[in-house]
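Structures for review follow.
The two complexes that follow have chain A in common; it is paired with chain B in the first and with chain C in the second.
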Partner chain A sequence: MTSDRKPDVTPVGLFDVAGNRMVDAELWDAIAEKNLADWEAEWIPELFKLLQALNRKGVERRFWPQSRHWDWRDKMKAIEGRLANQSFSIVCQDMTQAMMTTDVTKRAQIASQKNDHLVYVDFLEAAPWNRREMTQMPPRFSGAGSILILAAIEQSKMEGFRGRIGLHSLPQANDFYANKVGMTDLGQDAAYQNLRYFEMTPEQAEAFIEKGRKK
Partner chain B sequence: MAKKTMTLNLSDEEMEVLERLCEKKDLSKTALIRQSLRLYQRIEERLEKGDKLFFEHEASKEKAEVMML
Partner chain C sequence: MKIEVTKDWCEAMARQEADVEVGAGLIAADPIFNGEAAHDTTFDESRIALGRFVHLMRRRDKLSLEALAERADVDLAELMSIEFDAHYLPESRTLYQLAHTFKVSHKKLMGLSGLTKPKDVQYVEEAVRYAARSESIETLSAEEQAALEGLISVLSEK
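Up next is the complex of A and B:
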């Protein structure tokens, strides 16, 4: 939820690809004004540079980053004061590296947990420099997406939802949720712009946590 | 996040419903009441905007408006 309160901070680690080492980072349980300022002043100009490069190379629009129209300030304004929504961000080297918002009013669809509560990931985005598919180059930091998914799982557990989470994925992220995160793909959702809907059971959540521990 | 504690007075009937729902949804009483508050807030927000609340039957697509108290 947006608020003026100071975010609670959890120490986490990101992988610095160029330096080939883990670096200290922070998971914030909020998207604060600092994160929105980073998005406006750093993410957007970087994104424009990438779009320009893709356009000049003649890359078709369907291969451009599909979250390019996302306006995080608008998204945060829309959920301001709502108890059902929570936001998270990752900060590393004094820069926002990824952001996510969640909603706890949605219900599960997998037969084994049909109508049970879950944490629904509304939006999750990494900074442009951390996204391989956009740059065709190694990301600056990797691991931000997985940390945010773990935060959603942790929120689900705290709410008593046993780690159940769900989300609609942009096509460019389908592979990440299906193969790296290990969520169940329930196919295209005609009621949600035909995006694929992915859901995680408590068992899959435990498997994902365990996979993270082994790294 | 800091949390505050309150005492909630419920009738036997209300407590029975609360306990039954908690068992059905595998949630604690606190979790279920927090969830109810979030939904109440969301519904109130939509009603204030002039929206109506409907239930739709998954198969028949039949819609029924929920009367709000």
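Up next is the complex of A and C:
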């Protein structure tokens, strides 16, 4: 299920929104048992509380977070032992703040890089308390999404794919991938539950990295 | 695999990310609490009726989710999924426990859930109709009470 290997740790930082300050965090190049335990013991109960609140407010189900069913333990079981898949997690204050899995078997669709290899982001999710759409409140920590996208880009470079990545965005996150990350929106994909497919070229990858260097 | 990144980069990107969502990935392609891998929309309406039935009965009996889970001896997370999520395919045992608790037909709850294919679809259609008449508010209104009585009637052993 999860690798016994101790994950490589990259020191990163997340923005503590309430405290208006950066806090130390770690990017792990794995989803370890600790991350899955956090998901089960902390994410799920928090998610249910939020769903209950949405329901009591009369919010229609179609507006509930689409990732509410994701079972990260099953996701990890599904890719166990597969060399084509990689997982990442972000830990801050001894708690998992976001997780991602990637796949290197997919090919690019943008004309300029058609059929070239890329790193496909299978799943990316932030902890419930880091999601404005669920709490209708400012997130506890922000920045995990960008760090995970950077990790996917770096994985792509290491694989020789020059930073090319692709993903299907959840509807609430289209704005992030189109406008903040700067990926190309290839529109709704009927083969993928009509989610919008976004792809990044090597040039867009460099622009994304450069964006964080500008003060 | 370690990556090259500075705290300044993290801060610059975090500040622009604070007001957006970041999730990506197929919604229903994974096995969801052991139930949704092959999501069949055929049963969405009847599962909504099942969820509404459990919800209304719980409120009629003034039970919290936790209290009903304890009384029926079912898992709290599964109970919440049944009430709130029409995609969720419940466990057979859970439906048996709920049918026993609410004194309705286990077979009919199985039919509503999609775990079995009911020969008589009329009660399913009626249950869906009754469920559609109820709305979620704190106390049962007269209309909800009537809808619930209708649901009990069609889901009881005859």
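Odds and ends about this structure:
Following the convention adopted for this analysis, the second predicted complex is superposed on the first by the 212 of 215 C-alpha atoms of A that agree within 3 Å, B and C clash if a C-alpha of one lies under 4 Å from a C-alpha of the other, contacts with A are read in each partner's own complex, and residues count from 1 in each chain.
Basically, a contact is a pair of C-beta atoms (placed from the backbone, for glycine too) under 8 Å apart; a residue touches a chain by one contact, two chains touch by 3 or more.
All values derive from a computational prediction rather than experimental measurement.
Placing chain B and chain C on a common chain A by superposition gives a fit, with no clash between them. Once chain A of one complex is fitted onto chain A of the other, the partner contacts of A:Gln66 are limited to chain C, with no touch recorded for chain B.
When the shared chain is aligned, chain B and chain C each come close enough to touch A:Asp29. Contacts of A:Ala84 after superposition on the shared chain: chain B is touched, whereas chain C is not. By the touch criterion stated above, A:Thr105 is placed in contact with chain B alone, chain C being left untouched. In the superposed model, chain B and chain C sit 110 degrees apart as seen from the Cα centre of chain A, a figure rounded to the nearest 10. In the superposition on chain A, A:Arg162 makes contact with chain B only, while chain C stays out of contact range. When the two structures are aligned on the shared chain, A:Asp8 is found in touch with chain B and with chain C. Counting the residues of chain A touched by each of chain B and chain C gives the higher count for C.
Of the two partner chains placed by the overlay, only chain C lies in contact with A:Lys180; chain B stays clear of it. Taking all C-alpha atoms of chain B against all those of chain C in the superposed arrangement, the shortest distance found is 6 Å.
Shared contact residues of chain A with chain B and chain C: 8, 29. Of all residues in chain A, only 8-15, 17, 22, 25, 27, 29, 44, 48, 51-52, 55-56, 58, 61, 64-71, 74-75, 78, 86, 98, 121-126, 131-133, 138-139, 141-148, 150-151, 154-155, 158, 167-170, 172-173, 175-177, 180, 192-193, 195, 209, 211-215 touch chain C in the complex they form. Looking at the complex, you find that chain C touches chain A at residues 1-5, 7-33, 36, 65, 77, 80, 83-88, 136.
The residues of chain B lying in touch with chain A in their complex are 1, 25-28, 31, 34-35, 37-39, 41-42, 45.
Taken together, the chain A residues at the contact with chain B in this complex read 5, 8, 29, 82-84, 104-105, 116-117, 159-160, 162.
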